[in-house]
Amino acid sequence: MKPIILSSPAPRSLELIFTPEKLALLRSKYEVVETTDEALATLPPDQLSEARYILGQPPLSEETLAALQNLRAVLNVESNLMNNMPYQTVFERGIHVLTTGAVFAVPVAELGLGLALDLARDITAADMAFRQGSEQWGGDGNTQARLLTNADVGIIGYGDLGRALNKTLTGFNCRIKVYDPWLPPSVLIENGVIPATLDEVISTSDFLFVVAAVTSENLHFLDAEAFAAMRPGTCFILLSRAEVVDFEAMMDAAQSGKIRVATDVFPQEPMPENHRVRTLPNFIRSSHRAGALDVAFKQMGNMVLEDMELMDKGLPPMRCKRAERETVSRMQSKPVTHN
Amino acid sequence: MKPIILSSPAPRSLELIFTPEKLALLRSKYEVVETTDEALATLPPDQLSEARYILGQPPLSEETLAALQNLRAVLNVESNLMNNMPYQTVFERGIHVLTTGAVFAVPVAELGLGLALDLARDITAADMAFRQGSEQWGGDGNTQARLLTNADVGIIGYGDLGRALNKTLTGFNCRIKVYDPWLPPSVLIENGVIPATLDEVISTSDFLFVVAAVTSENLHFLDAEAFAAMRPGTCFILLSRAEVVDFEAMMDAAQSGKIRVATDVFPQEPMPENHRVRTLPNFIRSSHRAGALDVAFKQMGNMVLEDMELMDKGLPPMRCKRAERETVSRMQSKPVTHN
Amino acid sequence: MKPIILSSPAPRSLELIFTPEKLALLRSKYEVVETTDEALATLPPDQLSEARYILGQPPLSEETLAALQNLRAVLNVESNLMNNMPYQTVFERGIHVLTTGAVFAVPVAELGLGLALDLARDITAADMAFRQGSEQWGGDGNTQARLLTNADVGIIGYGDLGRALNKTLTGFNCRIKVYDPWLPPSVLIENGVIPATLDEVISTSDFLFVVAAVTSENLHFLDAEAFAAMRPGTCFILLSRAEVVDFEAMMDAAQSGKIRVATDVFPQEPMPENHRVRTLPNFIRSSHRAGALDVAFKQMGNMVLEDMELMDKGLPPMRCKRAERETVSRMQSKPVTHN
Amino acid sequence: MKPIILSSPAPRSLELIFTPEKLALLRSKYEVVETTDEALATLPPDQLSEARYILGQPPLSEETLAALQNLRAVLNVESNLMNNMPYQTVFERGIHVLTTGAVFAVPVAELGLGLALDLARDITAADMAFRQGSEQWGGDGNTQARLLTNADVGIIGYGDLGRALNKTLTGFNCRIKVYDPWLPPSVLIENGVIPATLDEVISTSDFLFVVAAVTSENLHFLDAEAFAAMRPGTCFILLSRAEVVDFEAMMDAAQSGKIRVATDVFPQEPMPENHRVRTLPNFIRSSHRAGALDVAFKQMGNMVLEDMELMDKGLPPMRCKRAERETVSRMQSKPVTHN
């Protein structure tokens, strides 16, 4: 008898997150019951009772959860946590709630570094000028250029993405300050970064990366006052969610020339057709493309397989990130509807 | 009596390459005779006879050189070597010919990495689409995207710039192959890169950086055949001089979609107004801006001061790069006329 | 009202694990009730009921645990877990069981590297020969010497100590294979090491470090057969617990000259006076000194303070290591009776 | 016609410095004339006239040098430079004088780190105590122990060995100060170390490594005053030559308990039988074994082959270290008589 997986990974699909080889492996090791968020609760009682894993993030009632007597883990491959199951009971029972968002860390970090270098060296602007025959040659084109090497870098939020970002900066000898209220200072020090207050990070950075997840406490916490406190010419790169900034204030700060901004996320996606963000100067736009690489989705499948293998042996999962009893209900990033 | 420096640094100026503090230091330690390439030979014989250093790259006849009885070094702050002095005599006498091109290594490497990430993630193209309201969201915008992390990287030429580039790649866990016929394999291995033939580097790279100086042997050595041998989708970044590639073949390779190209150098600078390069797809243009940062120019002055301090003590210079007797006449990069 | 800590850290003391400044901080933020393992259950009911943290690892009955209504965490500063509390209930209630053994990782790793280099270069043996006037000079003294740089290294167990060890090896360009059945391969790969089977690690290493904790499954798993499978001349360094090896077989392997051994741990501590281990050749002895540095003990106090600060805010602890529901009862390292 | 090599590598031999494969390669590419220091000048005039390379460091008169019309390089595989040839003429002619001492850098650095860790953790002393049944267990044996991680490290001299030493320290997050009067500060900064005065390095280090070559200026420059200025408990590791320290003062400093010393070099080698150095406490002795590993000698052959291949192509040598016109006569390390 193979262990049972109840699979409802929408908007992901099994084909998106597993390579053909890994999908074959999955099916050879497990009985994969493909269901939907709506239908899961209506599966035959013995399937529910025997199911070891849920792949996806279907809503679970106390009653359904009670029926899932052998459930060991919910493997949430979307990775933004919803308040759609009785987490208290889930944690009491020792059921792991696992997310795979770490797969996006490297792709997002690479785009983030690319955007930072673009802002620092006007790559996009210079190419557009060249297309139009108005390019400036040599030093004349570099009056605002700056180096990343030896620069003061700030990072707000130090989860998987912050770590990946720090790694891409290894070769640049930067002085990296980090603000993350959920981590003790010594953990940051061990990671080779300098623990700092939010004010310090905001006001003493040449490059400022925002990679904090949205929580119930940090909505719009980067506001007009924060932008006013930044060093002139700060390269500001927003990579997590638009909700953590006051987007209007951020656009104003770019428009005024106070700072330079690149963002991968927007308050509406897509933004309205004639919105000023589309032609804002000192501003680079990326349409929520930072993480959504095929190679990242395929890594989700690998993570899921590795952790199920550990849990099959009675060991704790070590690959995916575990939702925490204390913080699960504070997470506010909306799940994506589009891969 | 202060040691005498004969200064003719055009197109640089003392103000360009020294900060005010360092320029004051220079003038306090040395008697700086400001002259020109033309006038140098006509300076009073005792000035010539006493001069310890030349700052710049003035043409020197055997006769003038003979008059420069106490010359210890020519500090060429332009840094492209011209065949305008009797190098044989210069080297016999143990006069150092020093170049300061290393100051450009970090700025060029950073732009190179920025261009590579731009090609890999379509940063410029995506921003232009967003401006026009035709952006693709999420994974739909990433069909051609690739990661630098774990990629196969090729570097052609491994001088100061190659080393700086390798350093920027530290955090990406790349497999880096290098072709440099002037360096023994074990030196490359010590630098953590894999020595390779030119063919290997061309045909097995996802990202290919060209940072080789122009020599009498490598004009246009990257030709149509080379571009044909590359992996489809190779991100090709040209950072040294346009003369090392067959520029037409490179443009064809980008236009066909075979590879993606970013270049900081062009066969003519500026290029003609209606040249196809200006609107070529799969192509990012930078107008010879890679190195010309003020911070780089100012570092020249620091290097010059550091090496003169060593030579003043009778020690060999250790900061600038020394021209080599064997290769000085092979160097073919044209000096710049513009900073 | 300050939060209450019930403190019973024996064999540690508050003075051992806190610097005077940190101890003052502890007392200023918390009401520290100093008790003993025996007396804890008999504390006044309101103290038990209000207590937020336990510092130490006192035995807890279901009844006492029920009385500890507001307990958030047991901070086990000894760090070897005993089966002396109803873990099932503890985990159901979301009480964290935290250990501070990570403080020993760096000291142990450094001693481990020192022992490895000693074995590789005969440092101790050469000094002893020199004392006796029988030293060999130059290459004559190096017939068995080997380099760590570029060597094949094996690590068995990859917890905090394995990571610290890997870090000390950063500058040596080793090929590092790791066996750890509790970790998925991709986590090891991200750490820059090569996941491997136990057999591979045993049979293909020039330097072999054993840092695995004792569990119910790995008693004496390195036996005569394992030593026979090693490369001749393997430098074998035992740093975790003597119980994971067949100590007699290990001594035989050293005595025969097959391998060289250094160990910090012994089946009895102290070993009998005339035991052969005391004069065994190809063998370096360290008397369980690897971790017990004052600086490590003081770090325990810092870790405890950092995690209590997070938990005071309703956040999960991020500094100490959490005992896991799945594995807590498998851990078999005996607690120390001596600091 | 193969190019001619005149070979007189004593005390090395071709078999010592070339693996059998490389020796076969050497003989297939070159005509190797095996001669001696004494006989070289008496070789047939056409052999002298055609010889391209000298392997070894034979004395050369102006007359012999004149006869060596096609000489490109003297490849000194002993690597301590003697004043036994007319260097002025050699340099005028552009003949390279190359040394291969870099092969010893990694072996010496590794022993240096091993000695440092031994001093820091009393590895040798603890093993000797254990043999005698007087070992101290746990923290009792660590009263003087210290960590390398995060320590203040000083390095005196920053040639190949200093660089190799710095590399071995990569994983320890040390603050590394370097004194080297022959290098400009910015070169040290690029190497990730802090340029410092001799006084600073001496008086602010927990670990102090001496790797400076002996020159006409630094004989015994580390004297009683220097030892008095060190931090109590400094771990002092002498790796280059005994002549740079006042050896008596160094022994006194160890004997008094002020510092701990490890040395690989001695004023006489071997030292007298009953010399106090043999039993000095706080002192570890290594009998000039740091570099003399077979693997290092074999690397010499590789270096020589690589540089001759470059010079055969008319390129400058890039693998061996070149003697410098300014400093060649200042070098005072006595050549070894023993491998």
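Note that the chains are named A, B, C and D in the order they appear, and that numbering of residues resets to 1 at the start of each chain.
Going forward, contacts are C-beta pairs under 8 Å (C-beta built on N, C-alpha and C of every residue); 3 or more make two chains touch, one makes a residue touch a chain.
Computed from a predicted structure; not experimentally measured.
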If a chain touches chain B and chain D alike, it appears here: none
Reference chain D; chain at largest CA-centroid distance: A
Length of the line joining the C-alpha centres of chain A and chain B, rounded to whole Å: 38
Where chain A and chain D are represented by their mean Cα positions, the distance between them in whole Å: 51
Centre-to-centre distance between chain C and chain A (centres being mean Cα positions), rounded to whole Å: 34
Interface hub residues of chain B, defined as touching at least two other chains: none
Chain-to-chain touches, reported pairwise for every pair that qualifies: A-B, A-C, B-D, C-D
Of chain A, residues touching chain B in the complex: 106-107, 110-111, 113-115, 117-118, 120-121, 123-124, 126-131, 133, 135-139, 141-142, 145-149, 167-172, 269-270, 273, 278-279, 284-289, 292-295, 297, 336, 338-339
For the chain D and chain B complex, residues of the former touching the latter: 91-94, 182-187, 302-303, 306-307, 309-310, 314-316, 318-319, 324-327
